[in-house]
Amino acid sequence: METLSPSILTRTIRQRPAESHKGTYGRVTLVGGNANFGGAIIMASAAAVYSGAGLVTTVTDPSNQSSLHARLPEAMFADLGNLHQLRDLVSTADVVVVGPGLGTDESSLMALNATFSAIHAEQTVVIDGSAITLIASHHLTLPAARLVMTPHQMEWQRLSGLAIADQTVTNNQAAVADLKATVVVKSHRTQIYTPNGVYENPLGTPAQATGGMGDTLAGMVGGFLAQFANPTDAVLAAVYSHSAIAEELAATQYVVLPHQIITEIPHFMKTHEAN
Amino acid sequence: METLSPSILTRTIRQRPAESHKGTYGRVTLVGGNANFGGAIIMASAAAVYSGAGLVTTVTDPSNQSSLHARLPEAMFADLGNLHQLRDLVSTADVVVVGPGLGTDESSLMALNATFSAIHAEQTVVIDGSAITLIASHHLTLPAARLVMTPHQMEWQRLSGLAIADQTVTNNQAAVADLKATVVVKSHRTQIYTPNGVYENPLGTPAQATGGMGDTLAGMVGGFLAQFANPTDAVLAAVYSHSAIAEELAATQYVVLPHQIITEIPHFMKTHEAN
Amino acid sequence: METLSPSILTRTIRQRPAESHKGTYGRVTLVGGNANFGGAIIMASAAAVYSGAGLVTTVTDPSNQSSLHARLPEAMFADLGNLHQLRDLVSTADVVVVGPGLGTDESSLMALNATFSAIHAEQTVVIDGSAITLIASHHLTLPAARLVMTPHQMEWQRLSGLAIADQTVTNNQAAVADLKATVVVKSHRTQIYTPNGVYENPLGTPAQATGGMGDTLAGMVGGFLAQFANPTDAVLAAVYSHSAIAEELAATQYVVLPHQIITEIPHFMKTHEAN
Amino acid sequence: METLSPSILTRTIRQRPAESHKGTYGRVTLVGGNANFGGAIIMASAAAVYSGAGLVTTVTDPSNQSSLHARLPEAMFADLGNLHQLRDLVSTADVVVVGPGLGTDESSLMALNATFSAIHAEQTVVIDGSAITLIASHHLTLPAARLVMTPHQMEWQRLSGLAIADQTVTNNQAAVADLKATVVVKSHRTQIYTPNGVYENPLGTPAQATGGMGDTLAGMVGGFLAQFANPTDAVLAAVYSHSAIAEELAATQYVVLPHQIITEIPHFMKTHEAN
């Protein structure tokens, strides 16, 4: 298991080419946010936008439209209940992030199934939060695409069948191999299981232990994957950046809120951009 | 009567353990905010989030969903009119804050009764604002749980039957003993009646004399109770912090607004964290 | 005609007494904001809150509830179409501000008439914007109360019958005498006609020439009247402060937006508070 | 082809005359923002307000009313589906901006046709985004007025019939002559085709390659046209300012978001104001 260091940032966050346009930096579609958990998909969407994704569309419950635009006019909105439109927006994306605030009821399941049905092999899918729970409880077949999953330890238990005490590196590697996915197992020292090996994030602060942190990370992972060529490095750099920003803010804050991390992303990335 | 000093902060605001997660810092459910007073529950909820509560859910009128998420994506939303869901969210919380902006009509009473019916003995309940008025006017039985009440002097009159002129320490102690609650009697020099004695807050500025201050305090009290082991100290530290932040801001502001206090909480707590 | 100077500030903005509460600083009810002009009443309400009014309630079209709370959780909301509730909120206020964004159609007129019908002699009423137009076009009888009107020159023409070219001090004084009101005639050098004489505001910058400035002033006038003992001085200090803040901001901005002035009010007032 | 320099700023952004009012700085009506793309018209409207337009009205889908006012209380709102009101607001404007987030379905087309039908010769119309696509796909006749079009290269292909590879200056000039419009062809080095010649913008950063940049530019162009006497210079100065602000922000940000550019406009314009 390799410990991440700042080199993952300079290896990944490259200076943007002068001749480029928003299409160069990827189209990200985020699916989530039912009538109770709208904040989750708003934070995930904002994290994708502030990470530099070229075009971001948020497919969410209509009751979240106003708050989404009030916080983030840069994102486009679509109605989670319009499954035809959802499939269109999923199939035309470069990266799909599904799960933040999606919920686990019948309509959540329908949206998740519609999302998976529209995925094709060239795409990258970040699967987070409620989507992981739904996959585990309904034994859903994962789509054939590049997959990144971001469970916390309890979600990973549901998905892998491994009790938290049994989540050793060896056991996790075996479970990950079955999933054919990159898996980010979130804890106070997050581990990332990738096709290129296992990594541990040395950063992270208890000031981050607050609702919405995972949603924010999922959006950052989506935003980094949309822009950077090496997908494993993109995931690693997003995980590392998320914690590094939190640590910086925690120097002067007892608790660090997700939206504060989001605001700092463009500055942090600039500081660690490769020359 | 003991006068509070900064020692209450360092005694209470402990450095967070490295190995912890959002569950460590408590689940807070806030109940309030009818169609007229949505701002009150938004401010209370924000105060709980910025104080460091692990997970915050706001049960409020649906007309407040958009503004809640626009200001505070970190909080989850539930519909105040769905009493079944309300009881679920109350019974699974560590701390319940009920009252800010709840109103005093028939549906407010139904929501308060549903809240009380779902409380169990291991929980802490912060009772504020309209909830205090409803208890007094409908002679409601308080739930069997750890209770913290945060009346201003007029609400305390309604609840205790003591006219403001008669609210002496001795009289208040007798009334508090009947309630089996910690009572924060808010005035320009707030007094806190606890099982461990009576305390006076030496801080507070007339710049704070504006709508929403009490809602903000209720949310801070809830947020502190969710995190800190000693409940009396948690209440005292929240009261002291609220006024201390206000005094700092009042050095350069003629009036201090509740949302400005909220924004400062993480910084203030870091400054006064025990090493 | 006397030219205002900073002495109006120190004469008016007094250090707050330590023993005071939000009731000490007045209850302000603002009536305005139809489905098209919601921003106007939001800005007026925010100006009242940031000026230090103790309790602020905004009676506006329901379509403005979410944006009001998203920007200003400190204000309470009421539905402009519920005339019974409107009259209650008007009759229990210390200061009523009516007109910003109210519009001039039949329902606007009904709301204005309901407002006027609930006013009693001890109250202060600030009449702005659409309300002035409605009074002029429907020949409404003004309520018997302390009145402050804040027309721009075109609205003053409608109300007084004086063409802009004829709005001399002498002519204006005669028209004002008929109205039994303090009248703020807004222009690049605003004049204030009071029972104690006529004043000119020497401040003001063309950077302020943008929509919403008048709404902001109306809210400040309401907020100052709610707090300060001398009503003429309160109006003069509000007018002067509004322009002084704008001039400060215009040092570094080509245009100054109303919400930027609002944010600065508490700082400006502190700087000019009497010791 | 002339390369723009800072001289376009000092030639255009003139010190405002002391005796002026909001009418002096123009009335701008923006038409756009369907139920999916509300953020686009919010950003365009904000750009117009922060550029200094005197009065701004946003005609958009009603689902965008709350978020518009939550972000921008300075703008007035009107319902895109009320074509009678839309025509009124268009015909009384000095400058009309049509297209940001308008969409391309039947109701979008109806709104665009209603807009064009209400335009008269003395007005300036900025045509952006979806409006350009609709014109191309439905072969709409352009209104007889001063026209400014702001296509990106793909939209310009649709409108001119010139494939991106064929968009040479000579070919573009011919196509522009047919349109009788000033055309801003957006790319990483934007070209502006005007009655006075062809200009190239030497500024622009890949940090700007994110959704909403074009909407923001359209709003700035509208805001500058509303205020400055020479329309060609107004367009050139808006294009130059937009990129110059982005470059400044990109010194410390990996990606620059549209709303961050908007916030800087008043400061940037003050810095480059002619004395």
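Going by the order they are written in, the chains are A, B, C and D; count residues from 1 in each one.
FYI, contacts are C-beta pairs under 8 Å (C-beta built on N, C-alpha and C of every residue); 3 or more make two chains touch, one makes a residue touch a chain.
By chain, with names taken from UniProt: A, B, C, D = ADP-dependent (S)-NAD(P)H-hydrate dehydratase.
Not measured: the values here are computed from a predicted model.
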item	value
Rotation angle (°) superposing Cα atoms of chain A on chain D, nearest 5	90
Interface residue overlap between copies chain A and chain B, same or different (over half shared)	different
Distance from chain B to chain A - Cα centre to Cα centre, in angstrom	34
Whole-Å gap separating chain A and chain C, where each centre is the average of the chain's CA atoms	48
Per-residue overlap in chain D, given as positions that touch at least 2 other chains	66-67, 70
In the complex, chain D residues that touch chain A	35-40, 42-43, 46, 63-64, 66-67, 70-71, 152, 187-188, 206-207, 209-213, 250, 252-259
Parts of chain B lying in touch with chain A, wherever the complex brings them together	13, 16-22, 24-25, 49-56, 62, 65-70, 72-78, 265-267, 269-270, 273
